[in-house]
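A, B, C, D, E, F, G and H are the chain letters, set down in written order, and residue numbers restart from 1 in every chain.
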Amino acid sequence: MSQPLVSIVMGSDSDLPYMQQAIDFLTSFEIAHEVDIVSAHRTPDKLMSYAKEAHQRGIKVIIAGAGGAAHLPGMIASVTPLPVIGVPVKSDSNATEGWDSILSILQMPGGVPVATVAVNGSKNAGILAAQIIGSSDTDVQNRMLLFKKEMKEAVDAKAEKLKNL
Amino acid sequence: MSQPLVSIVMGSDSDLPYMQQAIDFLTSFEIAHEVDIVSAHRTPDKLMSYAKEAHQRGIKVIIAGAGGAAHLPGMIASVTPLPVIGVPVKSDSNATEGWDSILSILQMPGGVPVATVAVNGSKNAGILAAQIIGSSDTDVQNRMLLFKKEMKEAVDAKAEKLKNL
Amino acid sequence: MSQPLVSIVMGSDSDLPYMQQAIDFLTSFEIAHEVDIVSAHRTPDKLMSYAKEAHQRGIKVIIAGAGGAAHLPGMIASVTPLPVIGVPVKSDSNATEGWDSILSILQMPGGVPVATVAVNGSKNAGILAAQIIGSSDTDVQNRMLLFKKEMKEAVDAKAEKLKNL
Amino acid sequence: MSQPLVSIVMGSDSDLPYMQQAIDFLTSFEIAHEVDIVSAHRTPDKLMSYAKEAHQRGIKVIIAGAGGAAHLPGMIASVTPLPVIGVPVKSDSNATEGWDSILSILQMPGGVPVATVAVNGSKNAGILAAQIIGSSDTDVQNRMLLFKKEMKEAVDAKAEKLKNL
Amino acid sequence: MSQPLVSIVMGSDSDLPYMQQAIDFLTSFEIAHEVDIVSAHRTPDKLMSYAKEAHQRGIKVIIAGAGGAAHLPGMIASVTPLPVIGVPVKSDSNATEGWDSILSILQMPGGVPVATVAVNGSKNAGILAAQIIGSSDTDVQNRMLLFKKEMKEAVDAKAEKLKNL
Amino acid sequence: MSQPLVSIVMGSDSDLPYMQQAIDFLTSFEIAHEVDIVSAHRTPDKLMSYAKEAHQRGIKVIIAGAGGAAHLPGMIASVTPLPVIGVPVKSDSNATEGWDSILSILQMPGGVPVATVAVNGSKNAGILAAQIIGSSDTDVQNRMLLFKKEMKEAVDAKAEKLKNL
Amino acid sequence: MSQPLVSIVMGSDSDLPYMQQAIDFLTSFEIAHEVDIVSAHRTPDKLMSYAKEAHQRGIKVIIAGAGGAAHLPGMIASVTPLPVIGVPVKSDSNATEGWDSILSILQMPGGVPVATVAVNGSKNAGILAAQIIGSSDTDVQNRMLLFKKEMKEAVDAKAEKLKNL
Amino acid sequence: MSQPLVSIVMGSDSDLPYMQQAIDFLTSFEIAHEVDIVSAHRTPDKLMSYAKEAHQRGIKVIIAGAGGAAHLPGMIASVTPLPVIGVPVKSDSNATEGWDSILSILQMPGGVPVATVAVNGSKNAGILAAQIIGSSDTDVQNRMLLFKKEMKEAVDAKAEKLKNL
């Protein structure tokens, strides 16, 4: 695989099922990526070194997924100059309906943004990463236009099918 | 001014005070940008043509701010291949503490992401736009690293001042 | 079937089970209607043309159901002079207990109302459409009075049954 | 004044400032209307007779505004065949940020809809009433199209003004 | 059975499982009671006559359970001089986690109280009714003191059992 | 003053302005009452002895107001056989919009009810206490019927005044 | 077993499964502890004597878990000079998503703190108790440093395993 | 001043007014403490070294206050073996009523607790720190018992004053 452009990290291997769609989308878009487990609260030193060095290794976007008091995206954002996409993860056992991870990721202070997507919206995180890369890569941007066209056609087909019922 | 790279749109001129920090940040970062009023509900045709053509005019990132049932960022995202940053605007008269604009912007369906920042977080929207541009522009990325260093030094100075009290 | 008076649209075929009660009620009331899939985020052009032309085709009320950051009802309302009824759809996988679709549909800005009904309240959307038609059609209004009488009698029968236990 | 087509009721005279925009809109649209105070909890008998008779007096739409455990719109809807528009009123002293009136009005049981608009959205209640009347009155519907055009032009003018700054 | 002192009403027979504990408690306390279905929205006339006459028939407390935009307790309270206990009912299909019935019952306007108990807290509604009757009936009050003693002893027994593990 | 029938307690003298309406209502209804400060967290021993003895001193109803993690009503209810009315107090400085006191008072476990009224609803607490006393005191109940009639007439007068504008 | 240093109490034996992780953690850390059932609402006298005497028996930290209007931790804190750790318990049947126990435990008034941990976070309650003991016991503190190292190594192992997939 | 036992840190000097009560309480209790500004997002390296070394310098408890997506307490807790007390700070400009800082601090994952106190509850943070120190320092614990006695007497005095009105 070529040099990864997108880094996908998550706080625990239990987040993997919730983050898989980001991986799958980037794979389908043929955008090279890497996947790792980095815990803000259990491996803070790894977080710091990983996030400080990512742009030096050619990474262009970091996607970080976390649940609960989700500190991972924000702490990565504190030390990287790269755009960081945060995915609030809500597992079945979450007690506060995901509001903890939404607010911990979204409500970052002035100076340190995290690009937050919907709860369990890792597919959209992958698409957003592709859009960011596409904003300086015409090939990727054209594929994004095609992707939108395919979404439209899929809805049209469903509408047609409904009418025939 | 050179070719704008970032487009900042808002649903109403009453949103301007809440969006000013995005404009100011991009100005301070010397990233060319344009500002416009586009209302999802009052000028939907303008929204559609504006959003469809933005990438053809060289725009690389769109920042959209809106309050209430904030449809502007999501509708722009529906027709552009560009990354769209959404700013939930909460004015003093908002009745639901900003939850309406947070959720209307954040909870986009699979396929059409909006990179959501904190309520009234337009400064972070400007910074995120710069980070996106910086991911393929070393000069901008280096300025971002410098910006982070300056934030650190400002906190250090305040900590020093506190100790001397 | 005669000229449809009510248009029922939804953002995805996965919303159909949640919208079926509106369809069933209008059928039982013998009010001609049409059903279509129109996605605010995947088929925005179809949305625009569909909504702009509906009143010209004789449609009197539009019912729109959508989940998540539910933009469909509001965007239809932005371009039609017709009353638009919005149904917040909450599927089992919704992460925020339906608040996203409630607020995205309810909190429309001044100038562009959406008549919002309860979460997953598509039956009430159908009834409301009938009431709107009935306000200028005595036959439909009389059927509505009868419908209310039947609801009362059903409760009376249940109360009677309970007493006999 | 001619025969009123729209009835605007509220639970208390303290709700009048919040309901004024509905009155003003209907006046500007030259749609005849009446205004009354009807309290679900203090004048329940008046509520019952008022709501039962409204359609017999030629009323086509009822707008009801109420705060707190806002029962007025729903109780009116329980006995009238007319479409009822509910306005959640949130005064400055409301303790629960208006959620009480939103949910009391919105979450009506199957069989008895209330067309809910945004918190303190009485202007939209007036517009929705006009749209309902317009769905069987071409003159009113044409005025609604004109109203939408004027909203668009007002935004265009503001956008123009912003560009000239 | 002797003259009922407590009236237990609910909006629908589907609320019966949630209200059963109130019935069972009053039965165990040998307080005569009656049970009926009265729907605020489907049988409003029955509600009015039922609630107006209850105190004349010797009823001393009314317990009313309802879900969604639960208007039943408040509308009963509007016409009776009796204390009304409201039980917010949250069925499994409720979309807003019971907040609709909590707030519709709790947030009554000044002048018309409803004594609200916990969501699905019909057992406590029965106990509260007994406490109200007990405040002027020494026998019932003494049984209440005994009931409290039994609760204490049950906890003590569990604590003892835990220690022996 | 004669033997108090109602005890009004609050956690702090800062709650007095929020509880004054209960005192005023009972005074206007000529129901003898006493007022005291009892803090669940600062004077727990006083709470226990006060609540255990109240019914022995002839008290028939206890009204308890508290803010924040409002434990006062529930702890009183744990040791008295009397009905306890809880008033959630929300001062201007409350950070969570009163939800803390609402839920701490409302969500009592099975066996120990608190009759909860609206946030800052101390007037309704006073009325509810009068209704409880009235359920075994015809004079008080008749005054309650009169009170309801006066409320109705006040609304009628306001409605009349509005029509004359 | 040696003299217990930590007391773990809960309001009901049904809370035991939610509190087990605190017990297990302290066992694994070889910190002597005791477990008891103390109900704020059913055994208030036991609560008072238990909490007043705990520090005299050598207890250094009290962990209290409770659900609903969780008064147990706060009432213990009202009479003990010891640090009290509160665990909001959310069982499957809880109607308000655990917000009742979160707010009842967290929002204590000035003067009487409760150290609140996450909903159902009894493991963290056990760890926090160990950290408190460790702040004056070097052995326990060193074990805590080792515990953190083991957590890090467990994440590293999972990250390694993920890379090998 | 002697060796500090408690470290009070906050994310910004704008948090100082909200944290002052912790400082004042510890001063009044004659517990040596230090105050510093440490920002999770602006000075992450300082956070890491500060938190890793605190226990080596004789600190026994760390109090950390932060607003918004408050990561400071949790990140400190990730690297220190000491008990960490978190204070959710809600400034006037906070958009989400403090829920962001409550949940970001409270909902820490298993393994890394933060002892959370009420929103803006820095006084209680100071008291909790004293209780923790007092659990192994009889002098401090005795002062805590005296402090509780003084709180009781202050309430008794207010109750007395109220009765004399």
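In this text, a contact is a pair of C-beta atoms (placed from the backbone, for glycine too) under 8 Å apart; a residue touches a chain by one contact, two chains touch by 3 or more.
Nothing here was measured: the structure is a model prediction, and the numbers come from that model.
*Asks:* Give me the step distance from subunit A to subunit G, shortest route via touching chains only.
*Replies:* Steps on the shortest route: 1.
*Asks:* In this assembly, which chains make contact with subunit B and also with subunit C?
*Replies:* A, D
*Asks:* Which of B-C, A-H or A-G has the same interface as E-G, meaning more than half of the contact pairs match by residue number?
*Replies:* Copy of the E-G interface among the listed pairs: A-G.
*Asks:* When the C-alpha atoms of subunit D and subunit G are each averaged to a single point, how far apart are the two points in Å?
*Replies:* One centre to the other, that is 52 Å.
*Asks:* Centroid of subunit F to centroid of subunit G, CA atoms only: how many Å?
*Replies:* 34
*Asks:* Quick check: how many Å separate the C-alpha centres of subunit B and subunit F?
*Replies:* Each chain reduced to its C-alpha mean, subunit B and subunit F end up 49 Å apart.
*Asks:* Among all residues of subunit E, which ones touch two or more of the remaining chains?
*Replies:* 12, 42, 68-69, 79, 95-97, 99, 102, 106-109, 111-112, 118-119, 148, 151, in rising order.
*Asks:* Among the chains present, which pairs are found to touch?
*Replies:* A-B, A-C, A-G, A-H, B-C, B-D, B-H, C-D, C-E, D-E, D-F, E-F, E-G, F-G, F-H, G-H
*Asks:* Which of the residues in subunit H end up touching subunit F in this complex?
*Replies:* Where subunit H meets subunit F, its residues are 90, 97-99, 102, 118-120, 148, 151-152, 154-156, 158-159, 161-163.
*Asks:* Report the residues of subunit C in contact with subunit A in the complex, numbered from low to high.
*Replies:* Checking each residue of subunit C against subunit A gives 12-13, 16, 35-39, 42-43, 46, 68-69, 95-97.
*Asks:* Can you tell me which positions in subunit E touch subunit D when the two form their complex?
*Replies:* Residues 11-12, 40-42, 44-45, 48, 67-69, 71, 74-75, 77-79, 95-96, 99-100, 103-109, 111-112 of subunit E touch subunit D in their complex.
*Asks:* Using the touch definition up top, name the residues of subunit C that touch subunit D in the complex.
*Replies:* 21, 55, 60-61, 79, 81-83, 85, 102, 106-119, 121, 123-125, 127-128, 131-137, 141-142, 144-145, 147-148, 151
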